[in-house]
Amino acid sequence: MTAKPKVGVYICHCGINIASTVDVETVEEYAQKLPNVKVARTYSYMCSEPGQVLIKEDIKEQGLNRIVVASCSPRMHEPTFRKAIQEAGLNPYFLEMANIREQCSWVHEDTGEATEKAKKLITASVAKVRLLEALESKEVDAEPAALVIGAGIAGIQAALDIADAGFKTYLVEKTPSVGGRMAQLDKTFPTLDCSACILTPKMVDCASHPNIELLSYSEVEEVGGYIGNFDVKVRKKARYVDFDKCTGCGDCASECRVADRFPSEFDQGMGKRSAIYLPFPQAVPAKYTIDPESCLYLSRGKCGKSPKCQEVCGAGAINFEQEDEFVEFKVGAIIVATGFDPFDASRKPEYGYDDYPNVITGMEMERLVSASGPTGGKVLISNGEEEIEPKEVAFIKCVGSRDESVGNEYCSRVCCMYTAKQAHLIREKLPDANIRIYYMDVRAFGKGYEEFYDRVRRENVRYIRGNPSEIFKRGNKLVVKAEDTLTSTPLEDEVDMVVLGVGLEPRADMRKMMDLLRLSQSPDRFFLEAHPKLRPVDTATDGVFLAGCCQGPKDIPDTVAQAKGAASSALIPLARGKVTIDAQVAEVNETTCRGCGFCVEICPYSAIEMVTVNQFGHEVEVARVNEALCKGCGSCSAACLSDSIQPKSFRDRQILPQIAALGAMK
Amino acid sequence: MSAMLLNKEKWPDFVGRLTGKKLWAPQAGGDGMRFAPVAEGEVPALDYGNTRVPPKQAVFPQTETLFRFQVDGEKVEEPKLEEEAVLLGVRPCDARAMVIVDKLFSWDEDDPYYLKRRELVTLVGLACTEPGLNCFCTSVGGGPASTEGLDLVMIDLGENYLLEAITEKGQALLAETEDLLEEAKDDVAEQKEKIINESEQKIKRSVNTEDIPGGLPGLWEDPLWQRVSASCLGCGTCTFLCPTCHCFDIQDETEGFDSRRCRSWDSCMFAEYTLHTSGHNPRPSRRERTRNRINHKYNYYVDKFDVIACVGCGRCINLCPVNIDIVDILKQVEEAL
Amino acid sequence: MSANNYEPNIVAFLCNWCSYAGADLAGTSRVQYPSNVQVIRVMCTGRVNPLYVMNALQQGADGVLVSGCHPGDCHYMEGNYYARRRLGMLKDLMEFIGVDPRRFHMSWVSASEGHKWKEVVEKTVEDAREAGPFEGFRRRRIDW
Amino acid sequence: MDLEKLRETAAEVAAREDVKYLIGWKKGTYGYRVAPGFIEDADGAAELIFSPLCTANLATYLTLVEKLPLPRGEEPDDRKTALMVKGCDSRAVAQLLVEKGIDRENVVVIGCPCPGMVDPELLAEKYPETEEPAEVKWTDDGFIVIRDGEETSVSRDELLAEKCRLCRYPNPVISDIMLGEPVETWEPAEDEGVNEVENKDVDEREAYWEEQFSNCVRCYSCRNVCPLCYCQDCILDRLNPTWVNRSVNFSENTAFNIARAFHLAGRCIECGECERVCPANIPLGKLNRKLAREVRDKYGFEPGLDPEAEPFQASYKPDDPEDFIL
């Protein structure tokens, strides 16, 4: 222990956020009398420049060596104040924050109670701060490379930005082609530019970029390490097609014995593909893939005398012996851009999606209106005998969004606009059709959105306010049962076709990513960002960033913006070439360590190892911490029966006085 | 009025008369664990061997607050020691032990806490008629009816207790209870003599301690210490339950901002007892600690105060979990001389 | 002090990533709850030495709460699983020696469960209130 | 058990060059006492016994022996320690191996299948101790107590120690040399001691333990005798931080006892030594056995059976019970 603690306590008003509930003057007076407290002050905004200056001057003039800031959550401003006291010459870890805003003034109405609680929290902070130790953070080299998981528009954009900045980027895509959901779209709202036209160049870019290593039809299997030094293992699934030999000619697919027999994932099952296939004509890489489940040879072991594809492939690219391969590499940062799943319309059985072929989803409509789609861009329905153009078209919005009955309280943010866009496209193709859109609210918040919505309404698309309760069949017609809530008129609307404006949902397989990268979910089940406002692309895991709809529903411009944001965040450690290792790591007292190895068993980061040391002539086994690997969680120390391993800043001798202070203040 | 008879039927009245003072007597339940304050109206029974915890705790509590203070404050508060106490049924060995311990606490510096408590206490002894299996008081200068340290001694004569005042405090006690007592008849002395003799005969264990104090220094490096300490667990049973052990440790204990400085019994058998801040321990193993325990009682104390700091109560033998037997050790010492 | 007019003093250990963030969210959302719970922030519930619970009761708490991430959501992957096992054992031991089970609770509150945090606080306070002031083995104001 | 065989084997082992000493049981100095014997050569083995009085778990000495600072250049004596173990004692050895408290190659384990020990206090109560060391022997259905040359037969039920009535592993689970054939195991009795406390209401339990813990003199014999309390520097002795004050009073005593019992959760092998040595007769075994029962019933774990097992306190299962979580 060095000098006797001289503590300064700084109580923030936070405007009236704290001061209106906590009697800060009383707290100040109280804090002044606490043991070892030399100064206690209040100020309107401690985090402001003058507030910080106040602290810095006291440190210099009053010789303070420990600082307690009673203000907002340490999750908010701990870095701010650490930096401030460091600038005044104090070790940045000589700081303790008392959270008297989020966990006091904002949650208690009674001034007396809130004031008492603030006193307690400050007392505990003073008790702890006196015993904090000076820590020095260390720096380690960061691997100048990034991993981007998911190659939809978010992943593509992020990868391109990082690669353009000059860093190696691994872009891992689960499906055979990059492009993601955007590739399936026809036109984009509100500008109506062709989705493929603006996306395809980027897809090509990312495949040809010298800094991008595209790993399509691949999945991330393992991620270890920490920011700056992640160890990644990727499984390259067997395509059964030699990647280097395949020329993408397509002879195999047309000659396949089961050609065009399987629903095409890209066409939402409305089109067909062969067992060997290219997901869509512009797919990148333009390499064929055999779906082992539909391939006769792979699923049954026999395909005629010999597989047709093998016979016709001039390049000799078909290889049924191919196995999954694993590649391992190191990266400094990771961007998660795994996208979303469209809401499964079967979960709203009242809309008859499973029963009536002419009830389709918005994604299906995208394919239907697309020139590259199954109908070549014609909007056609089946009347049971032939394909005809529908006369009466209804859209239903908020299917699977804003709907507690399916567990989705959130708004999917794109459905209002895509239904409007699709109504417009139908109007273009079927000038005489009657189009109506059933809606709860219309949210047209983006740039040019309201104008577009207006335009669509003027194109004789009827907006009917009311959520249909049911769709049933009457003769050849579909009946949409609803109530026009503006006129309180019950409706039974006979139509030829219903488009369900399905919302966006978190991917069904996101659990795997959560486990790999230690990510959490927000209440909407999308990935949780580190802070909803200020750190929207960061996650709780340092060095892992979010882009696109995996973090929450968003439209293309927002997705691209977030992808660029994530890329710039990921570039920070790469560009700097170093990352700072948290100083709050565990430390072993080798004299008292009994060498039982409990900590080694527990450490999730394998940061502890047993080493042999010589203690007065005896060889004994003791635990030792690798500081670069330790994350300071402290799980080891709660299991240590001799208290020999302790996380710095959260040592027993720092926490027990907090407990004592809180307990004593009955 | 120095030898009186108390009919056993009047024992409750006798106890009832001792009001205004804190009464201590061997605890009823709890396996005769210790001396405990007697609740009002309670009549302590005297049909016990001896308590496990010696009555030293009444004058030298296991934990004693020396003063209270406020962290960072001026206020210091000292205890007020003014309540008089009477200990009923103290065995002669335990009373002798207090006399032995007195020497230490009034040695170079007076210990005001201990001495004040001693001053306020009256020891009413009970001579032993049924000594325990491991009693060896007669080998260390005591006896089943020793009165050393007692203010009043009681001897069980069957129907009556014979009460003999030893000190003025004892006299005063007899005076206060005079109406309950009868003058002892002349034959009492004979009866008493007989009982004491019989009792002495019942003491089976003995060791000749004559040469031990002088001989111990020469046995400093003798292998016997390794032998007798090999099985020692290093616990505090022998010392905490010893009536003459008197070591203590002082600590400040804090609750919130209220703090107190207190002393608690310590034991030379504990490893930390001699552990230096540097990590060095001059008594690094159980061997040195066991050697110290015997030397302290049978050598250093004799050297300094001319008395063996062991009264032969047998507690350490009875309660040692691994049969470390001080009589056996002393015999081995004798043999090694 | 009777059980009716006393305010229980509760010490809570919250993990930084889930429950502390959840409690912060409750604040940001201006959820109101009783002021009896004082939070000590630790990085992970795995850090909570079960003896902290004993120590808090001994030093004057009437109730103790430990709250962390839901199973599977631990920022450090496994810390909450260790905590669950250790504190489950401690709870059994405390009950066995006569500590009212209402004095010790453990919960899973995620960073997004501001409302659940409120419910946990209310339940903890309510239980401690029903259990009454903790005397038990509290480090009492000791007599001379 | 054949005493001659025991002594013969012990003599052989003690004489081995790679063995420092053999720890076994020997006759005590009086009454029913049995003392640990440290046998350094073949001759010493003649002192050894194995009888229903050999309750002590000698495994504690494996970690109790101090590693004193060695003069420069001097090599530590790394010869093996030979140890006689009953079933319960052997579990301590196994658990010490799990926790790396000892190295397997540093011990020679001599297994003594155990028909069950007498309860020494019960015995002394019924048949008072004598100045001369007494003997107790096993018979087919009980014990023979031999004091001052007089033999008394006593039924097994009358004197069997509680820990032995509850015992599930009377035969050593780990050994290098096994003395005699394994004994037939018996149906462990219901743990009435723990049940009795469990069946009290919470206030009664509090009162019960308050009375017990108030008697604690903090001699630490329970900790020191425990083969699994082997930290060089126990946290309960520390001052910075202070988990438990030095003061001896009900509050600190309770904290001490909670911490002691808790540190043994999932580690205690139920040898009952803590309770046996307690000079205040605190039923410490109940605390340990309660936890052991929970660990067994709720977590499906028993310590001290497999030297390769994962330590209970340093492992978890995703489906560990969590019914107590709000």
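Labels for the chains are A, B, C and D, by order of writing; each one numbers its residues from 1.
We adopt the following convention: a contact is a pair of C-beta atoms (placed from the backbone, for glycine too) under 8 Å apart; a residue touches a chain by one contact, two chains touch by 3 or more.
Keep in mind that this is a model prediction, so the values were computed, not measured.
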| item | value |
| --- | --- |
| Winner on C-beta contact pairs when A-B is weighed against B-D | B-D |
| Central subunit by CA centre of mass proxy | C |
| Centroid spacing, where centroids are CA-atom means, of chain A and chain B in whole angstrom | 73 |
| Chain B and chain C, separation of their C-alpha mean positions in angstrom | 46 |
| CA centroid of chain B to CA centroid of chain D, Å | 31 |
| Gap in Å, rounded to a whole number, between the CA centres of chain D and chain C | 36 |
| Multi-partner residues of chain D (at least 2 other chains) | 68-69, 242-243, 245, 247, 249, 313-315 |
| Residues of chain C whose C-beta touches two or more other chains | 50, 55, 58-60, 72, 78, 82, 86, 139, 142 |
| Residue numbers of chain A (touch at least two other chains) | 591, 602, 639, 652, 656, 660, 663-665 |
| Touching residues on chain C, where the partner in the complex is chain A | 9, 11, 16-18, 20-21, 23-28, 30-33, 35, 38-44, 46-50, 52, 55-56, 58-61, 69, 72-79, 82-83, 86, 110-113, 118 |
| Chain A - residues contacting chain B, complex | 35-36, 591, 660-661, 663-665 |
| Chain D contact footprint on chain B (complex, rising order) | 30-31, 33-34, 52-53, 62-63, 133-134, 204-205, 230-231, 233-237, 240-241, 249, 251, 253, 262, 264-265, 267, 270, 272, 284-286, 317, 319, 321-325, 327-328 |
| Chain D residues within the chain C interface of the complex | 197-198, 202-210, 213, 243, 245, 247, 249-252, 254-255, 257-259, 261-262, 265-266, 287, 290-291, 294-295, 298-299, 312-318, 320-322, 324-326 |
| Contact set on chain B toward chain A in their complex | 71-72, 254-258, 279 |
